[in-house]
Amino acid sequence: MEKTFIKYKKGLKLKSPILLVGLPGIGAVGKLVAEQLIREFKGEKIATLYSQHFPPRVVMLKNGKIKLVGNRFYKLKTKTKNDIIVLTGEDQAVTPEGQYIVNNKIVDFFVNTLKGKEIITIGGYNISGNYTDKPRALGNASSDKVITKFKKSGVVFGESRGTIFGSAGLIVAFAKMNKIDSICIMGESSLIDMDPNAAKSVLKVLSKNLNLNIDMTKIDSIIEKTAKMIKELENQLSSNVPMPSEQKDNNNRSYIR
Amino acid sequence: MEKTFIKYKKGLKLKSPILLVGLPGIGAVGKLVAEQLIREFKGEKIATLYSQHFPPRVVMLKNGKIKLVGNRFYKLKTKTKNDIIVLTGEDQAVTPEGQYIVNNKIVDFFVNTLKGKEIITIGGYNISGNYTDKPRALGNASSDKVITKFKKSGVVFGESRGTIFGSAGLIVAFAKMNKIDSICIMGESSLIDMDPNAAKSVLKVLSKNLNLNIDMTKIDSIIEKTAKMIKELENQLSSNVPMPSEQKDNNNRSYIR
Amino acid sequence: MEKTFIKYKKGLKLKSPILLVGLPGIGAVGKLVAEQLIREFKGEKIATLYSQHFPPRVVMLKNGKIKLVGNRFYKLKTKTKNDIIVLTGEDQAVTPEGQYIVNNKIVDFFVNTLKGKEIITIGGYNISGNYTDKPRALGNASSDKVITKFKKSGVVFGESRGTIFGSAGLIVAFAKMNKIDSICIMGESSLIDMDPNAAKSVLKVLSKNLNLNIDMTKIDSIIEKTAKMIKELENQLSSNVPMPSEQKDNNNRSYIR
Amino acid sequence: MEKTFIKYKKGLKLKSPILLVGLPGIGAVGKLVAEQLIREFKGEKIATLYSQHFPPRVVMLKNGKIKLVGNRFYKLKTKTKNDIIVLTGEDQAVTPEGQYIVNNKIVDFFVNTLKGKEIITIGGYNISGNYTDKPRALGNASSDKVITKFKKSGVVFGESRGTIFGSAGLIVAFAKMNKIDSICIMGESSLIDMDPNAAKSVLKVLSKNLNLNIDMTKIDSIIEKTAKMIKELENQLSSNVPMPSEQKDNNNRSYIR
C-alpha cells in the first residue's frame, strides 16, 4: 500500500468541475454541508483517498461490515454548468506532515486528474462565547477576483482573524500554488461540536453562488433539534447548580465543549 | 535493518492457512485467546515481524536473556483441513503511520508469502459499566458471505457501533483490499485490562467455526482467579480510608521522581 | 510539493551577505528585532521557505486573502559593506526531525545559493523571576574569533547556561559545520511572551556590530506600552486578591505566562 | 546532512574493541559510569554520532561556544587486551522510530567499521520505594555464554523483570542480531534522577570483568554528596508542613497555569 493514494473510476468525463470540501472540523460545519448536498443531489462516489496519515481505524457499519476511514469524492446530480464534486470523510490527517501530504494529494488529484477549475473549502469560524442566531459566512480567498465574485453571494471578507488549521486552510493555499481559484467559507460557529446554524449560513451563500436550489427544510429541522437538546441540557444544569450567577456562566459554556 | 521486516522459515508448506490475530488490546481478549491456542495446540513459531514502529524496548526474560518486542506467527498442530496460524506479540505499532505499515505488512506476508485464505482478528468490545457474565461475541466482516458463515457459529452481527482501532480493524480492511475473507470477532468486555470472560466467548465461536475441540477448563480457571481478585479489591476499597502511616509513605516518594 | 523547499528570485547579486535570523521563540525577541529591521530598512522579500514540518495552517489576512505559514528572507536597504538578509516567519518546525531538516535547509540555502558569509541568530535568554530593566545581550558563538569580534559590540560570553532549542541553536551548529562564522545573541528576557526590553538589548549590539544606525524610538514605545499593560494587570490582580502575601506571589508570576 | 551519521577519525587501528554504552537514563547510572571511565582513563574522542532523531538543541558551553547534542565514542587509555571504547552523550533519540535507527547505527558502526567484538550497555534498574544501600548489578544478556562469563564478575541474572527501554535494551538486541556478544548491566536504582550508588555497583563488576583497576574514591565522594543533599531535603520537607490557609492558596493557583 502506498502511503497516500486515491482509488477512482477511470474514464470519467467531468464538466470543468468545482470542488466543495466538507471535512470534520469546528462546528462540523463542513461535514453538515457536505452531507446535506450529497443526500439532496444524489452524490455518486467517484474516488476515495486512503492514507497512512489518517487515524488507524475502521468504522463498524450497521450491516455488520466495516469501512476503512478515508476521504471520498462524490459527483452531485445537478444541472449546473460546472459539475459539482463534494469531498467528505471521517477524518483529517493526524500529524502536521500528514496534513501537508494528504491535502496536497487532494489538490493535485483535483487539478491534474479531474481537470478541476475551482475549490471551495467549508469550515466553522469559532465565535464561542458570542452566540448569535444570525451567523454570517466569512471568507478568505486566493485572489481579489475570487473575493469580488463571492461578495455578491453574501460572503463577508476581511473580518476573520487568526488561523485556519487543516484541510480548509491548506487546500486553499495549495490551490493558489496550482493557479486555480479557491476560497474558504466559514460559518460563524458558537457550538464547537456541531453547529447547524453555521452550516445553514454557508448553504445559503453556496445556493446563490452555485445557482443551486438547496432545500433548507432539512437543515432547519436539525437546527430545531439541536436547540431543543441545548435547552434540555440547560434545564438539567440549572436544577443542579446552587448559585444563579454561577449557573448562567456555566450553562453558557457547558454545551460548547 | 529495514524499517519493518519479517524473518521466517523458508520452504514451509502450508495447507490453505487461516490466520488468527490476537494482539494486545481491549480486555487483552486477543492475547488471551492467542496464548491459549498456542499453548494447547503446541504452536511452532514460523515467522517474526520486527518494526521500527513498535515501542523501542526489549523484554527481560526469566532465563537472563532478552527478547526484542515483535509480532510472531505460530503454526498450530491441529488436524483441521486448513492450517491454523496464530499471530501474537508484545506490542502494536505506536504511531498511526506505523499501524498502517505494520498491519499492511502482516496481510501482505500472509496473502502473498503464506498463500493464506482467510483472516480472523480477535479483540474486545468495550461495554465497561455494563457488566455481564454472559458476554457475546460480536462481529464485523469483509462481506455478506463471511457474515452468513460466522452467524452459524454464534457470532452476533450489526450490534457493534463505533470504531475498531489498530490491528484488529486495519487487518480486516487490508484483507478485503487483498480480496480474501476476513472478520473481526470481539468479545464483549467489561474489564479493560484483562477480561477472560470475553476471551471465552470468542474461544467458543472459534471452536465451532474452526471445528476445533478447545479445552475450556484453562480459561475457566483464569476467569475464577480474576473474579476472586476483583472481589478482594472491592473489599479493600470499601474499607479504605488510609492509615496515617500510609499517607507518610506517599510523601516520602516525592523526591524520587 | 517537496517536503521542504525554498522559492526564490533567481539572478540575485548579493554582496557577501550576513544573515540575521529572528523567528518565534522566548520573549519573541527574535521576531521583534527582525520586524523592526525589516520595517525600518524597507526589507524586500527575496525567498520563502515552505515545509511540511511547519504547523498545517494558513493565516487569515485583513485584505480577505490567506498566507501559508513559512519562513521568509528579506534583503534590507542599507549601505553596509555586506548585504544584510533578515529571516523571519510565523512558525518554527513542529517536530525534532523537522527542526533538523528545516534549519539545515536554511543554512544550506544561505551558504550555497546566496554565498553567505556569516549568520547571527537572535533569541531570548529566559531569566524569568529575575526581572531586570537592564537586560544584557548574551552570546554563544561558533569560534573564538567570533567571540572576540562580538565582545567589542557589547555581547557577554560565558554566562549563558543550558540549552538553546530550535532554530537559534541549530542554525549556529550547522553554520559551523559549513565552516562559516556564526553566533546566537540572546537578550535576557523576563517576559516569556514578549519582551521588547530584551529585543532592545540585541538591537543595540547589532547596531554597533553591523555599523547600522538603528532607530530606538520604535522599540522604546513598545517597551513603554508593555510596561503600562503589566502595571494595569498588576493593579487588577491586587484589587482582586484578599491577602497581601498572596498578592505578591501572584503578581510575580502573572505577567510571565 | 544525512538523517543519522557518524563523523570519525579514519585509519584508527583498534585491538578487538569492547564497547561500553552509558547514555542518559534511569538514575543516570550509564552516564555516571561512562563519565568516570572517560575521566580516569583519559578517553580520546574518536567518533561522534549526530542525528535528526535527537532533540533539536545545542548546549551552551562555559567558554562561550556551543555543542550540538550527539553521542560520542571515546577510546580509553588502558593496557587491557581489548581496547575499551566508551559511548556517551547528552541525549537519546526522541521517537520510537528514531530509537531503532540511532541504536542500529551505533551497532552497525561498532561491528562493521570498528570491528568490535562485544557490547556492554549500562543502565539503572528501577527499585524506587525499596531503597537499599547495597544495590546489586543485574544483568540480561544475548546468550548463555555471556551469562556464564559475567556471573563470575558478580552480575546477577534472572531477577530483573519487565522492560528495558531505549539504547540499553535495543543495542543488546541488535548486537545479538549481528552475532556478537552483548549484555545490559543495570545497577539497582532507588533514586530516579541520579543514583551514584547504583553506578558504583556497575563499576565494581566492570572492574572485575574488564580487569581494570577503577578508582572508587571518586564515585564514593559523589555518593556522600548525594546522601547529604537528600538528608537536607528531607529535613526541609519535615519542618515544612504548610499552614492550612497556605495550602488552600496553593490549590487556588492551579487555574493560573
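Which chain is which? They are A, B, C and D, in the order written, and residues in each are numbered from 1.
The rule we apply is simple: contacts are C-beta pairs under 8 Å (C-beta built on N, C-alpha and C of every residue); 3 or more make two chains touch, one makes a residue touch a chain.
Everything numeric here is computed off the predicted structure, so don't read it as measured data.
Using the contact threshold fixed earlier, the set of chains in contact with both subunit B and subunit C is A, D.
In a homomeric contact, the two copies may use the same or different surfaces; for subunit C and subunit D, under half of the interface residue numbers are shared, pointing to different surfaces.
Relative to the C-alpha centre of subunit C, the farthest chain centre belongs to B.
The distance from the centre of subunit B to the centre of subunit D, with each centre set as the mean of the Cα atoms, comes to 35 Å. Mean C-alpha positions place subunit A and subunit D at a centre distance of 51 Å. Residue positions of subunit C with contacts to 2 or more other chains are absent.
In this structure, the chains touch in the following pairs: A-B, A-C, B-D, C-D. If you check the complex, the residues on subunit B that touch subunit D are 1, 3, 52-66, 68, 94-95, 98, 251, 253-257.
Residue ranges on subunit A touching subunit C, taken from their complex, read 93, 96-97, 99-101, 103-104, 139-144, 147, 157-158, 160-166, 169-170, 172-174, 176-177, 184.
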